[in-house]
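The following pair of complexes shares a single chain, chain A, combined with chain B in the former and chain C in the latter.
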Partner chain A sequence: MNTDAAGLGRARAFGFVLPALVLVGVFLIFPALWTIYLGLTDFRLTGLAAANPSLVGADNYLTALGDERFHTSLWLTVQFVLGSAVIGQAGLGFAIAWALRNRTGPVKRTVEGLVLLAWILPSSVVAFLWIALLDRDQGTLNAFLHTPGFAWLLDHPMASIIVFNTWRGTAFSMMLYGAALENVPPSHLETARLAGASTFQQLRDVVFPRITGHMLTNLLLISLWTFNDFTSFQITAGGPEGRSEILPVYIYNVAVSGGRLGFGAAVSFLVLLINLVLALVYLRLLRGRRGVAT
Partner chain B sequence: MISLHGLTKEFPGGVRAVDGLDLAIADGEFFALLGPSGCGKTTLLRTIAGLEAPTSGRVVIGDADVTALPPGRRDVAMVFQDYALFPHMDVTANIAYPLRVKKVPRAEREAKAAETAARLSLSELLARRPAQLSGGQQQRVALARAIACHPAVFLFDEPLSNLDARMRLEARTFLKRLQRELAVTTVFVTHDQGEALAMADRIAVMSAGRIMQVGTPSEVFQRPANTFVASFIGSTPMNLLPGVAEDDGLHVAGAVLPPAPGVAGGEEIVYGLRPEYMDLADAARKDAFAGQVSVVENLGTSFLVTLEVTSPSGDHLVQAVVPEDAEPPPGARAWAVPRHPRALVYRHGALVVP
Partner chain C sequence: MTGDGVTRDSVTGGGTTGDGVTRGGTAGGGRVVTVETDRVRHAVAVLGRATFLAAVAGFFALPLLWLATAPFDAHPTITASVPEFTLRNFRALLDNPYVLSSLGNSVIQAAASAALVVVLAALAAYALSRVRVPGRDALLYVLLLLSSVVTGTAAMVPIFELATRLDLIDTHLGVILTLSGGLLPAAIFILKDFMDGTPTSYEESARVFGASPLQILRHIVIPVIRPGLATIAVWAVASVWGSFLTPFILLRDPAKAPGAVILYTLYTEGGSPRLDLISTFSLLYSLPVVLMYVFVSRRYGFRFHGGIKR
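Here is the complex of A and B:
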């Protein structure tokens, strides 16, 4: 069989792909390799080690793995991903998509518009909005609840950024589930209704089996995005006392604020590994599901 | 028994799919809702099922007014046009699904599913998934699921339309026999008049949300109550020719036919006659439609001949079914002679009772 459909020949075909490969190499592969290298040095932002970094082997990695601040940060990140992505965005997104599935007209457009607005606004703008909302003395929320002086960001920093990130990212899950629900044939839901199935039974027996693939893809994407999300830094900066210091914020704090670029690079590489594992788990689940379906 | 009282369903935008409809369906009856697409027959079926809420009117099943009940509490089972089998469940689980929702213990519901499947010759297929079944097998699984929970009423939405032509004939006989055995009141929707005539005990012919006629297949076929039913029922459309009832007889498209009871004195009428009851003559007659053969269609054991008839009252097409080997060549002159006792006379669109 002739695999050279365009008749270019190997060399000329490679010529066409080369510019893209160069871009990928310069902006993706090189920085990744450079991060691994930096993670093995004591490279700093300032001082002697900034000019002449020396190799320190696996020291940075061992320090990070033994560092209690890293452990706390990792645990906070897990809370952040489970709370704001898996439960918050995916749960709320599905709930909205389900509630709006048979609706048309102004109600649907208004809800979708509002949810999308939170998604498309620049992060610095929404961060400022939330600071204004949650402010202790002048905050809108305290004015609403008649709880003047309640310091949301100081007393409940994790809960605050979890709710914030849920609000911020629900649009994606809502849109994806909205499209997925269109794939559920109405006659299947109606068969369940005629059998007397409750809403929960309809979801369990008809809807979820039908959209498992969409759910896994969605969870994969939003988990990774949330894991690497830095927007919360603009609200709490990881504080107070590191109580909302999720991994991206931790890396920024140690690498840029603390000047330990080598150590930051090592932690970055660890985050990359965790992301890879997450992605592999989801992909394995997806593939397993396909295996069952055929 | 199902009875509908003043049932109206109006969709947003003002479309009346069902318009002030009254109907009674007897116990154990195999009842067809027949009509062209968009006539409201599926909406009516879905309203009986409870999947659509009527705008006004009542639905009574048995002795209970179920108008306000959700579908799950009406004791009805529906088979959808696409069968609606759950792709992730095997045949057993699909058949047993309504029982599972009703919290019947697993062993009991699987026994019930196996028993129902055996009745529909599905025993070999119990462990398969719907994607591994043919169309006819899928249809039987959908039927088994409806039967397994012993409902008071079956509702079938175009049950045969997804089968190929040959399977459809088999499934028709099969469905009719099954319904007779189970003796459960069954309402089915179809747009195919042949299917309705063949299967139903009684037929309601619908148009624009209203019932045009209710009757047994032979009543509806032989004595269509109005010109809509007359033109809709029958595999070859009925000849419907405008004419005038004079004292010396009916003047229709150039022919003078014997007078009909109930019409006289220059009244405008429509003369209806099935092509099967029209004979061709090759010599001029006073009581025949004279015309030129324009199309000859082969129906297998007979031919459908279309005549172009020119008359003082206008040009008309008249069709006649002639036996094989007796068909005239296209372009020939021919005279279509109605078998007058079979003729139906309509005044203002409604049948004139002789």
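Here is the complex of A and C:
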């Protein structure tokens, strides 16, 4: 929408944007640029290089790109994003929104309330809840399934944090798709149903074409958030033996625990580039859709 | 049409080809559906939906059980079980000098950040929605990207140095500004979408009668997008309320630390978690955000108005 209905004009519009821009500039863009600079140095938490870091050029980047641990971590992150964001949160969120559409009453309120509760609780509390749930000896899940002594976090660390992140973040997709489904005219669904279309056919032919824009925006946001989510650190800390060490945890482990701040900053920049590519792919898909739709 | 179908399939994994879309649209057109099969199908659908919703409710409720039982248990373990009822844990918790003040700190930091984010994001989103600024979309996406990467562990060293130089270490203001800067891009992004979806005709009429842009924003636009503002406010409060790393790094004085940081101090001297205190504090610490959500959703409606679409 580009009609200047309120008669704002360029100058005043800039004035409206300025306060936000200043805050973002100082506390987001400036640290980001600083991180890029740090990535070019051998800055360390302790020792000689802490007091007097020297420029090492692209060394950190070359080391990272050749590092086996970085490759593993990247692959785990891909699994994490695909499993917990794209399939888990978006898939489950859509399924719930679909099952609850044009419903009212206690069932809807209860289900929505529980899903939202998982999203709204503080992350440190949530991490404790899941440690308690999955504990080997006394966990609620083992008591519930009658599988005492099953070490979920040790034997299946990736599956555990994928299910955890699905549980944690589904609410956002559920709400977004719930609102999007209101844009689908009920009469179209009714017509399709009377014509004998199965649920799958209704979804494919009537629903999905109308909410593609919502789906892509949702996928972009939750993919970015999941890619950089640090909460799983509070549950598995990347272990055992790095088997759930997704990229944010990897950065923390090398930069803060390992003290290699310069190297950590370089990896952060690589993560930023990967996110950029991810965003560009989504934007490309969105633009392709627009070209056809309008 | 074909291009449309391919694009969508590659994202959703729908598994159909482009022309499948059009073919599927007319597939059932001539089929006669008897009343009998329709009834069976309806029953199966109702049953399937009920089972699915019950499973979802169970999945989301299971981890929460412990939070509901352990705080009231005289001898809490990690397992959720019917408690031997007591309120002693709450008294033990209040003996810790930092517990109540940490909740107060959380309120200060969360409320101030949310207010800052909502006001600045509403102003910026309105201007960006109504006035064509070159490179607007690219700018928003870059900021969104930065905000999701930089707010993590990556930029903690620069942020600490920055706060040191601006004399913001050990102040609420430092935490508030840092967290707000991180939340703003997503808030602007989501709010701009709300604004794009609202009609401009009221604003035009108001302008004809001589209202200033700020008056138009306050008296016309804000009432219309109130559910959006409420959503952003709740989201900002919940994010700040739960954030651990930023206050952990920027605050040294435990008297200024928020609940998320204090939660990690509730360990015995041997380093094992004190489950009685942790569970009780978790409950106390979670209640305000839950109550806020209930209040906001009753009062304004908590939802995405028409969804976010671009």
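Observations on the structure shown:
Methods note: the second predicted complex is superposed on the first by the 272 of 294 C-alpha atoms of A that agree within 3 Å, B and C clash if a C-alpha of one lies under 4 Å from a C-alpha of the other, contacts with A are read in each partner's own complex, and residues count from 1 in each chain.
Here is the rule we go by: contacts are C-beta pairs under 8 Å (C-beta built on N, C-alpha and C of every residue); 3 or more make two chains touch, one makes a residue touch a chain.
A quick note: this is a predicted structure, and the numbers were derived from the prediction, not measured.
Touched residues of chain A were counted for both chain B and chain C, and C has more of them. Contacts of A:Leu55 after superposition on the shared chain: neither chain B nor chain C is touched. In the overlay built on the shared chain, the residue A:His188 is in contact with chain B alone; chain C does not reach it. Judged by the touch definition given at the top, the superposed model places A:Phe227 against chain C, while chain B stays out of reach. Within the superposed three-chain model, A:Leu145 lies out of touch with both chain B and chain C [touch as defined at top].
Once chain A of one complex is fitted onto chain A of the other, the partner contacts of A:Val24 are limited to chain C, with no touch recorded for chain B. Looking at the shared chain after the overlay, A:Pro209 reaches both chain B and chain C.
By the touch criterion stated above, A:Gly196 is placed in contact with chain B and with chain C alike.
Residue overlap on chain A between its contacts with chain B in one complex and with chain C in the other: 192, 194-197, 201, 205, 209, 293.
Contact residues of chain A toward chain C in the complex are 1-10, 12-17, 19-21, 23-24, 26-32, 34-35, 38, 43, 92, 95-96, 99-100, 107, 110-111, 114-126, 128-133, 135, 137-141, 143-144, 167, 175-180, 182-183, 192, 194-199, 201, 204-205, 208-209, 211-219, 221, 224-225, 227-228, 230, 248, 251-252, 255-256, 261, 264-265, 268, 271-272, 275-276, 279, 283, 285-286, 288-289, 291-293. Partner chain A is touched in their complex by these residues of chain B: 49-51, 70-73, 76-78, 80-82, 84, 86-88, 97-98, 101-102, 145, 149.
Residues of chain C that touch chain A in their complex: 1, 3-4, 7-8, 10-12, 14, 16, 20-21, 24-25, 27-29, 31-33, 45, 49, 52-53, 56-57, 59-67, 70, 77-80, 116, 120-121, 123-124, 126-133, 141, 143-159, 161-162, 177-178, 180-182, 184-186, 188, 193, 195-196, 200-201, 203-204, 206-207, 213, 216-217, 221, 234, 238, 241-245, 259-260, 263-264, 273, 278-279, 282, 285-286, 289-290, 293, 303-310.
If you check the complex, the residues on chain A that touch chain B are 185, 187-188, 190-197, 201, 205-206, 209-210, 293.
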